[in-house]
Structures are given as structure tokens and as C-alpha cells.
Amino acid sequence: MQTALARSTEATIEVCGLDLCDEIMGHVPLSGVAFLELSGRLPTESELRLIDAMLVSLVEHGLTPSALAARLTYHGAPESLQAAVAAGLSGLGSVFVGTIEGSARLVQEALRDDDGTADLAQLADELVARSRAERRFIPGVGHPLHKSGDPRAARLFAIARDAGLYGRHAELMELVGAAAAVHYGRKLPVNVTGAIGSLASELGFPWQVCRGLGVMSRAIGLVGHLAEELRTPLAGEIVDYAAPVRPTAV
Amino acid sequence: MQTALARSTEATIEVCGLDLCDEIMGHVPLSGVAFLELSGRLPTESELRLIDAMLVSLVEHGLTPSALAARLTYHGAPESLQAAVAAGLSGLGSVFVGTIEGSARLVQEALRDDDGTADLAQLADELVARSRAERRFIPGVGHPLHKSGDPRAARLFAIARDAGLYGRHAELMELVGAAAAVHYGRKLPVNVTGAIGSLASELGFPWQVCRGLGVMSRAIGLVGHLAEELRTPLAGEIVDYAAPVRPTAV
Amino acid sequence: MQTALARSTEATIEVCGLDLCDEIMGHVPLSGVAFLELSGRLPTESELRLIDAMLVSLVEHGLTPSALAARLTYHGAPESLQAAVAAGLSGLGSVFVGTIEGSARLVQEALRDDDGTADLAQLADELVARSRAERRFIPGVGHPLHKSGDPRAARLFAIARDAGLYGRHAELMELVGAAAAVHYGRKLPVNVTGAIGSLASELGFPWQVCRGLGVMSRAIGLVGHLAEELRTPLAGEIVDYAAPVRPTAV
Amino acid sequence: MQTALARSTEATIEVCGLDLCDEIMGHVPLSGVAFLELSGRLPTESELRLIDAMLVSLVEHGLTPSALAARLTYHGAPESLQAAVAAGLSGLGSVFVGTIEGSARLVQEALRDDDGTADLAQLADELVARSRAERRFIPGVGHPLHKSGDPRAARLFAIARDAGLYGRHAELMELVGAAAAVHYGRKLPVNVTGAIGSLASELGFPWQVCRGLGVMSRAIGLVGHLAEELRTPLAGEIVDYAAPVRPTAV
């Protein structure tokens, strides 16, 4: 069996054809290695700036369901920090974070045969109308807290523009947000997962792996939560809130 | 590669040497199949009664950390019920449920070279004294809620006695509870995981797999919690309690 | 917060309104408790026979992807058996086992407004024709090994008939298999997950939780695989096959 | 409930007291955010260089047990990429990667009361002698493939020296490797997890969270493996190798 990702001898390790010690460590930052893993090549300077900002934007979001699940798992199995991170990641599905996949799929499928001349505003309007007719949820727009606009999305699109990487996938995504506002009669601006899904599409990542960007980021943030849980535990308080009579589990 | 657990042809499936359809389904109940998986042979009538009660005792314990983690994971990824159960199981470690392993190890190691003549009360006293001196936690005794005695443990020991399967591992475990009360000056009766760990030892299961009994049981209970979560969701309430400003995650 | 599944005091534990120690342990077998968790009531004698056979049928399937993932995880973290089971369960998705959900959904949605007079053969024909037109996979039919018929499915339907629980969901599922054979020009008999999905529908379980039956069963089987891995490890052989130069990971 | 990691309003998100959009995204690279999550403060330039190299060194290691488990899980549940990463991470325990924790603990406990005057060579000799007497495994030394020395460890120590961050924890770890060679009569140089464990100690991370560094890195690498699995699947080949008769699971 062969993987193109790595090859090792007794004295050397190659990752995607580069010497890990001589050409990667100390030369390519972590986000660049993430890009290398996904694309098989190093990012350009602009691509690196963009993917780094994308990954950074999702690391930390406070006491999300995912962070709570990780902390509760750590509470029962502190000797297996990796299992607590795994538990936290398991919830990054269709409702939270995994929506990166949905928004990437939306714009990639819509632009699959695009030759650069499609009317994006019209396309966005059709996508939203169809979603609404089929009572499907539009991935990547709206946010329960950031109702007037997700500041991370705005920042990511700005960085993409500045890096010369804001293309038709990103534009379509923003137009979908605008069309959604019209169809639903309330503000539904692109949120951080919509921005990441569409910008990942600009970077050439297939939609099937795009939620992986959120998984990478959140793995880092979950370790942060467990480090805090070690210092100042919160899990017991959640348990007490849920089952004030005290748990019967042993 | 070979497993002794199963063998299949186009028309038949054998599990541990028995025909699954003709000799197991409809003939051996689920707990018996669990015993078969662990021992490679069918249980006797008495063994079946005991393992069934052991497995039944741990299925459900209310809103434990594990159940909460499963519900929070389901909240984010309702399309992956299996991942929510996986998240819930991940916390069955050294603090909850996994203590079955600790108590099984305690009695199995203590009785490894036992020829049936060791003074169990003295052995129990030594085990507790040593744990205390090394500031180690004694697995399988005490309970935050059931302070005067865990009713499940009493019931399991009674069933074991009745089935003629109460032996020296179980006796030693109960004596450890009694010795702990003397050394620590407060009631520390054997809890359900201590009962299961010692009775699993009577059934001949190696301590390394004994927490697997709790994992089997709890997998069933966690599916029950997710079925309830589908009908009457609680996860959102936990999230609101933890982060009342509303989550920033999308 | 309240769960209807359990309630505890210092001296008692209730599960679904029954006293765990006095009314469940030693009286209701494990499969019956699984039914209780899902339905909130005890099964009848017939329901118990059926759910027990359903759960038993899926416990063990040899070296499946799920069993291999569990063994590989145990190889790296033998101190966390629960995490290895969790890893194995995580793969019970849309391709394996999770198809229980798909087949349950298929028959439940098709019979939602059924008053007992719908022509099931015609309904099956329409379902298959539509799936084929939309290039969607029909869940619960066909099997890579058991090409002429999955012996577990036949056995489960026989037990259901015998128990008086073979109803229109089960009949529709078998007719879907027959219709699929006509449309695709090859044998596509109902497999074990199709049988379980349709029989779970007879038992009144909502399709969203039906894959949970496979999760319960397989959790038991995975512990069996880890117990075997402890005695006769296979994981190292898989690793050597995959990366014969030896792993570089430490 | 309060976490010091994040705070949000409708228009802003703060991570560890910094504005996520204005002060972190585009300014602090991913490794710096990882440091921030663990320490609550931004790294210095030198600390950033070191943690970045540490994290980069562990991202990719080819077809490790962890990567195989992730690929096998994805094979069954391709709709839940996050669950496949979770399965892969679950095996980062006491045998692989989790040894970071062991080596960090070794040097942190040995130097807890160190005032900078302890004789490190003597300390290393005592640590190895004690481990050997107690038949305990020394974490962080030796490697099945890189027998003459793990090139990643050498590179990490060089970067640490260059950054002025090579201190007594790192020195002690290297001396432990040297002492192990004397006691065991064969080369046992510090491996990558020993290097990371000791350098994480230089950065002030408590040993209990140090395996989290490997978890962060490997989460990135596992997404890379799943992206490759999507393009050129290997899981089926493993399944065929393990169960050539074909799986019976559906």
C-alpha cells in the first residue's frame, strides 16, 4: 500500500515529496503544512495568508456544544485527553461547523460548468428560491448571535480580496446571502462557515473535505478548553446543573 | 488474517463456531451472546442469569456526564447517531464506569496465586492499607449518592449467591469495602462497578476487558438518551446554561 | 432538567418508572431493557423475542472495517478500551449498519398515511423506480457476500411471523427487494439491515433512532474483538501490511 | 459559567482578551493561536518558531494505525468526516504520540524542585535505573525505524537551541536517552515525542496537556489522509486483506 503523503527511511522522512526536517520544519508554518496535506503542494504566499486566517478564525468559540462535550468526556477520562478531543470533534456535523461542507458544495456544484460568464446574482437567486421551495436550509448564512453580520466572514473576505484570491465562489456565496435576505425578509449575511466554504473552494479543495478545515481548527481549540478544564474545571458544574440530585453513575 | 469470532460463506454465518441463524438467533439471548463473545463458549444457565443482571444494572443512570456528552454531540450532528454514542462512551474512563477495570484488577491480582486458603479479610486489610499509604484511590467502593450502600451492588451479589457464582473474588471485594470503612472512618460499601468488576472475575474475564461490560451496557442506554433527545431535546438547555449570551459557533 | 429515563434517591434507582433492582435486574433481560429505553415501556413476550433476535443478529460480523478500526485504536491506546469501541462505532454510517436507518425511513415514510389498504407491491415498484431514476441507492437490499439472500434476514422475518409481528412495513421491505430484482435485473434480496429497519418500524421505533439498534449490537461485538485482540493481537499485522517499512510514528 | 478563552457580543469576538478579527486573524499564525490557547498569552518570536516546528513535525507520518483507523471509519461513514478524524485521534494513547505526555511528566516531575544546580547526568542515570528496576518503559526514547536517531528530534533540539529555548528539561531528556543506552546496551536516542515533551516543558505547558500538541498536529494530518482517501481509496484494500472472503457486514 502506498500513500503519497509520506515516505520514510531510517534516516529521513519525506512529506509530500519534501524533506520534513530540512525543507518543512522551520520553513513552512503549520497552516502551510495543512495546505500541503490537502493539495500535495506548498501554498503561494497569498494562499498561505488566506488559509492561515481561515484556520485561525475557527479555533475558538467559547463554550460551544463541542467544547462542553469534550470537557464532560475529560471529566470521566482525564487520562485520555485524545478521547475527549475526539468526543468534541464528533459533534461538528450538519448543524455546526460541518456547514462548511454544505456551503462549499453549494457554490462548487453551482459553478461546476461555469466558464466565467454566468450571471452570479441570478444564480444566487435561483439557488435560494429552490432551497426555499424544497424547505431546505441554506448553509453558510445567518447566525444566532451575529445577526447583522459575522465579523469573521467580513474579515476573511477582506483578506481574500487583499490576497487576490476573492473569486467567483466567494462572490456567489455573498450573493446567496443577499438573495436570502430578500426571500426570507430578514438579514441573513454570510457567516464564518459560509466564508470558509466558499474560500476553500477558491483554494481548490473539494467540498467533501472542506469541513476538515473546521475539524483542524477546532481540534486546537478543544485542547485549549481541556487545558483550561485542568486548571479551572467546569464540567462538574454542568453535571450538577443537569442532575442536581447528584449522579448515580460510578 | 483470522478471527475465531466469526466465519462466513455465501449461505451461512458462524459465530464462535455456532451457526448464527440456526443456533444463536432465537435461542441465545443478547447477554448470552455477549458472554459468548468474551469467552468463546455459551454460558451456563447460572452464568447467563448473572451476566444478564450485570449488564442490565449499568444500562441507565440518568443525566450522567456521558449521557450529556452524547446529547450535546447529537445536537450538532443528528445525522450521525453512532458518533454521538461514540462521544458518550469516550468518557467511560478512570473516573466513571471504567472503575470496573480497576476493581477487577485489584481482586484478580490479589488472588492470582490463591489456592483457596488465603485469609481474605487480612488480604483486604493489606490492600486498603497499601492504597492509603500510596494515596491511591480504591476502585469500586463508595458512591456520592448511595452513601449507605449501592442497591445495585447488593442485588448483584444476591443474584450471584443465588446462582452459586459468589466466590472469592466477590468476597474479597466486599471485604475491601469493609476494610476501607475501618481505615477511612466512613461508610465505603462496594458500589455497582466494584460488584461488576469482582463478579466478572468470577466469570473468568481478564481485568483488561472488564470495563467493556460497562461499555456494552452504556451503549444501549446512550441510544435511549438519544431517542429521548429526539422527542424532547435537552441539549439546547445545557448550551444556554453554559453560554447564555448565545453561542458564537456556526 | 428532567429525563424520563431514570430517577434516583439515596436508596433507590428507577428506570422508566420501574425499580431497577427489584423490578428489572433478574426479571427483564438485556434486550428487554433496550426496548424499555427506546419505548418507555416493557416489551410483550412477542416483542421481546423479536427485538432480542434483531439485536443478536448484528453483534458479530468478523473483521469488518469497524472491528479493524477498533483494533487499530486499541493498539495505540490499550488503556482506553472505551475509546477503541467508540472508534469502531464511529464508522457505522451510511455505508454499513447505518443503512438500518435508511430502510426504516423508506418504509416509514412510504406508509405514513397508510390506512392498511395501499397496494404494497405497487408502492414498492414506485419506490424502486424513483430511486433508480434519481440514481439513489436503495437501503437494505443486496449483499456483497450473501448474493442469493442474507440468511439473517430470512431468519428475522420468520421469527417476526412466528411472533405475530410481521406487518406491512416488513412486507413492503420484502416487496422492495423483489421490485429491485426486476428493475436492476439481478438478485437484490433484503439484507439484515433491511430486515431490522423494517421490523424496528413494526415495533414503533422512529427511523431516526433505528441505526441505534446496530450501534447497541456492535458495541457488544467490538468488546469481543478487543478481548480477542488482547489474547491474539492482529493490529500489528495490519500495520505491517499497510506500511511494511515500519511505522515512523512514535 | 465563564471561560477565559473567549467572549462574544453581537459585533465582536474576543479570544484570550484579543479581538479575533482585528488582532488575531491575519496577524497571529495558527501555531501562535495554539500557543495562545494553551498559555493565555501570545508567544514571543522565539516561542512561536519553536512551537510551530513542534506542531509541524507531528502532522504526517504515513499509514500509521491512527491513519488506518480514520480511513476505515471514513469508508463506512463518508458523510461524517469529523467522526473519522475522531476515530483516528482516539488511538493517540500510551503507545503512540501520547508518549509526549509521559516524557513531559518525566522531566517536569524530576525538575519540580530544581533550583538550577541539580546534576542532570546523575538525575538521568537515576531515572533510567529506577524505570529499569520497576520494569517500566521510558517514554520518549528509541524508535522502531529511526534506530540511530530520530531526525525530527535532532532538528527540534537544534531549533530550540537557536531560539534560545533549550533549557534544563530538554537537556535532561537527552541525558535520559544517553543513560538508557548505557543501561540497556543499545542505542536509545530521544525520539520526536521525547523532544516535544521536553520542549513543551520549556514552554511551560503542564504535562497533563502535552499530548494535546500531538492531537492538534495529527488532526491536521488525518484530514490530509481522508482527502487522499477520497481521491484514491485504500480502506477497501485493508478490508480485503483482513477478510478476503468478503465482509459479511452490511
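Labels for the chains are A, B, C and D, by order of writing; each one numbers its residues from 1.
Please note the rule applied: contacts are C-beta pairs under 8 Å (C-beta built on N, C-alpha and C of every residue); 3 or more make two chains touch, one makes a residue touch a chain.
Computed from a predicted model, the values in this text were never measured in an experiment.
Most remote from chain D, judged by the distance between CA-atom centroids, is C. Interface of chain A with chain C: the two copies contact each other largely through the same residue positions, with over half of all numbers used appearing on both sides. Taking each chain's centre as the mean of its C-alpha atoms, chain A lies 32 Å from chain C.
As a whole-number value, the distance joining the C-alpha centres of chain A and chain D reads 22 Å.
Annotation for chain D: residues 1, 6, 8, 13, 61-63, 77-80, 82-83, 86-87, 90-93, 97-98, 145-146, 234, 238, 241-243, 245-246, 248 touch two or more other chains.
Remark: chain B residues 61-66, 68-69, 72-80, 83-84, 86-88, 90-99, 143-146, 150, 191-193, 234-235, 238-239, 241-243, 245-250 touch chain A in the complex. Considering their complex, residues 1, 3-8, 10-13, 15-16, 20-22, 24-26, 28-31, 33-34, 37-38, 49, 52-53, 55-57, 59-63, 67, 78, 80-83, 85-87, 89-93, 97-98, 101, 145-148, 151-152, 154-156, 159, 205-206, 208-209, 211-213, 215-217, 219-221, 223-228, 230, 232, 234, 237-238 of chain D touch chain A. Here chain B touches chain D in the complex through residues 1, 6, 8-9, 13, 77, 79-80, 82-83, 86-87, 90, 241-243, 245, 248, going by the rule given at the top.
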